[in-house]
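Heads up, there are several structures right after this.
Heads up, the next two complexes both have subunit A, just with different partners, subunit B and then subunit C.
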Partner chain A sequence: MDSRQRRTATKAPRKSTKAEKSAAEDVHVRITEFAVPSEAPSVEGGRYVYGIIEAKQPLSFGKMGIGGAGETVYTVNFQEIAAVVSKTSVYIFDPTRENALAHEHVIETVMKTHTIIPMSFGTVFRTDDDIREVLRSIFVSLKDVLKQMEGKLEFGLKVNWDRDRIIEELKDSDEEIRQFHQEITRKHLQSTYFARMQLGRMIDKALSERAAQYVRDIYEALRNVCVASRDNKPIGDKMIMNAAFLVERDREAEFDAAVNKIAKFYGELLNFKYTGPWPPYNFVNIRLKLERGAS
Partner chain B sequence: MAKAKKPEVLVVEDEASVLLTYRMMLEEQGYIVSPALSSQEAEALLGKKRFDLVLCDLSLEQNHTGFEVFERVRKRDPKVPCVMLTGYANRETTERAEHAGITVFFKPIEIDDFLQTLKAILRNSHG
Partner chain C sequence: MVVERQPGGTRLLDVLDRVLDKGIVIDAWVRFQLVGLDLITVDARIVVASIETYLNYAESLRLTGLAAMPEVVLGESVATSRTLRRVRVSRKVA
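Entry: the complex of A and B
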């Protein structure tokens, strides 16, 4: 199992907090003075950027850069912030498993000692000076986001359910459904289109309500151990919850315990897929919009 | 003796409760149902596996139609049986479906007849 998915256990839709909302705002950078790396790389190559951290001095994180050549991962500093980068002779990285894992591995390593604002996979600049110019141009925004994310980690929680089991349970426990089901069975209306559609509507409504209730309860159980949460769209028809939680680094164990407790409470009824820690992907959104210089 | 493989059916319908109803009916008959609430979801599922039968409503989300789904199905595998459900198809639509070898059911369907027909279609297609 992927070490990032080691957790065993999973939040109902809580609205974004003010801090979370502001952290998730886009930071747009328009660079007009520097060429965007889209042509053949220079002799020295480009710079693959993994993320932004707070660092007053240049740092090195070892030879683990993306691209398979074991390039040193180091920082390009501007005042007290820095971009974590490695040299590369490639400007466009395919999102292969190997590349994605290399990108993640660097972020994971840096995360152990620093709060990192992750960059999107495949962010490449031409030179250290280009990177410094970006850091300079959005220094205030980066400082602000770093401050908000300081000492916080992200955890993912996906919750799946066994829909068929819930339907069977509803047929027994939901009085309205139970009675209607009995009635159409008794009157041999199983093959009647309108009766079946009516039963389907009742079950569908009950399923939606039940899912919403579970999700609310899970969020409620985790509300006091996280800083913020984000509700993403569930994937597929088995998933009822797809959330991300921002948690204080020193409350990780508490969050862990709360997730495991709620997962244990639901037992086999719900399946919790708990992952992390991750950098705050869901709470920071920095897009660097680069434009080729007129020169 | 090897157990007969349960037929895999893709059901496409943009109304969640109706989709659930078809799903329950078909699962009661032993089919493995993959539900899709939109033509996009159907497309994604079609890319993942092969279905023994595709059941789709004529009218889908926004202005999409079941014909688009059937075209994609047939492009991948011309032999997959296709069944269209509709409450208001005109002659032109019906002829188009028949011409493409798509079985049409008009709503409200007669459930026993519907299920028997699906069974026969599957039997013939594996003939």
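Entry: the complex of A and C
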């Protein structure tokens, strides 16, 4: 018996007699045993969910759904919130370049006119009714988060430096390092290996301090033009800052100007990678789980 | 130097950095299950496991390990295994 048949079997007994009900529960138990169905998706297919917005009326955002067929992106509404979805015959999406960009493209299109709480990649439900059921179940949390994020955009700021160049500069500008370096070069000490180790440690420390100072100054420069910020782990050894900023939609230009000002201040020393607007990925973390019903 | 702002969805790395595990997240395990579940008819539902919003100004003061090891997010893996366990347990109980 495949899960499709079991599913149909559950539908009827639910509202009927006790004996049948226990049979239905038995069916439920077996359903949870099967994580991956072997069946092909039904003709109607599933629903890929991109995110949640506030909307009282059903909306359509055009033909740009994930999966390559350009399915219409529309909303499934529950009271005054709605899920942004498109039909799909695929249930498990791989985060390929095409898929990830399609997911993001839809969210960004919706974001032009709505505050959207983004869904992470690859969430597919079976039917519109299933989605309404989920919206109903987590309605209060969604409303609250939507309100908190209303009219706000996320911007990304990654700052890289040229480590070697900074080291060269330190050898000139840091008095302690400069002297030590000169000494090693001049004396050809026998202990040169250990001396170089020590120099390395001094440079490392100076580098960390320098990076920390830059990052503090950059955060300080942007503090007054944004709502919140998050500090992510830098990627690779050239990056000293990997931050996300939450900015009021109507202060976007101000934030832009502040980023440009601080970038100009550092000139060639630091390289700024500035991206956005994004939906508030870094400022919302809602984890959903599956729970057995109370009955 | 003028900083060019790149629109969000232009660089794959930046996109993946966000879409894979941020925003509203359903565990991969549950996502697999959803394929076989019909939430209307089955005695199970999706609920909020945890919810956090970050509306404060977090400054970086932890720049000691620029070349540190990849971070192991302990809480996350614990949560995942707990979810898995719970699914298994509920099966046994029933």
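What to note about this one:
Assume the second predicted complex is superposed on the first by the 247 of 295 C-alpha atoms of A that agree within 3 Å, B and C clash if a C-alpha of one lies under 4 Å from a C-alpha of the other, contacts with A are read in each partner's own complex, and residues count from 1 in each chain.
The criterion applied here is as follows: contacts are C-beta pairs under 8 Å (C-beta built on N, C-alpha and C of every residue); 3 or more make two chains touch, one makes a residue touch a chain.
Model, not experiment: these values are computed from the prediction.
Judged by the touch definition given at the top, the superposed model places A:Gly200 against subunit B, while subunit C stays out of reach. Of the two partner chains placed by superposition, only subunit C is touched by A:Tyr274; subunit B is not. Applying the stated contact rule after C-alpha superposition, one finds that A:Trp161 touches neither subunit B nor subunit C. When the shared chain is aligned, subunit C comes close enough to touch A:Ala211, but subunit B does not. By the touch criterion defined above, A:Ala263 lies against subunit C but remains apart from subunit B after alignment on the C-alpha atoms of chain A. Contacts of A:Asp237 after superposition: both subunit B and subunit C are touched. Taking subunit A as the reference, the larger set of touched residues comes from C, when subunit B and subunit C are compared.
Looking at the shared chain after the overlay, A:Thr192 reaches subunit B, while subunit C stays out of its contact range. Using the contact criterion defined above for the overlaid structures, shared-chain residue A:Tyr48 touches neither subunit B nor subunit C, since it reaches no partner.
The residues of subunit A shared by its contacts with subunit B and with subunit C are 207, 237. Of all the residues in subunit A, the ones that touch subunit B in their complex are 164, 167, 190-194, 196-197, 199-201, 203-205, 207, 237. Those residues of subunit C whose C-beta lies close enough to touch subunit A in the complex are 1-12, 14-16, 18-64, 66-67, 71, 79, 83, 87, 90-91, 94.
By the touch criterion stated above, subunit A contacts subunit C in their complex at residues 3, 7, 10-11, 14, 24-25, 28-29, 31-37, 46, 51-52, 91-92, 95, 97, 100-101, 103-105, 108, 117-127, 129-130, 133-134, 137-138, 141, 145, 148-149, 155-156, 207-208, 211-212, 215-216, 219-220, 223, 226-231, 233-234, 237, 240-241, 243, 246, 256, 259-260, 263-264, 267-268, 272-293, 295.
Interface residues of subunit B facing subunit A in the complex, by the touch rule stated above, are 16-18, 20-21, 24-25, 27, 35, 107-112.
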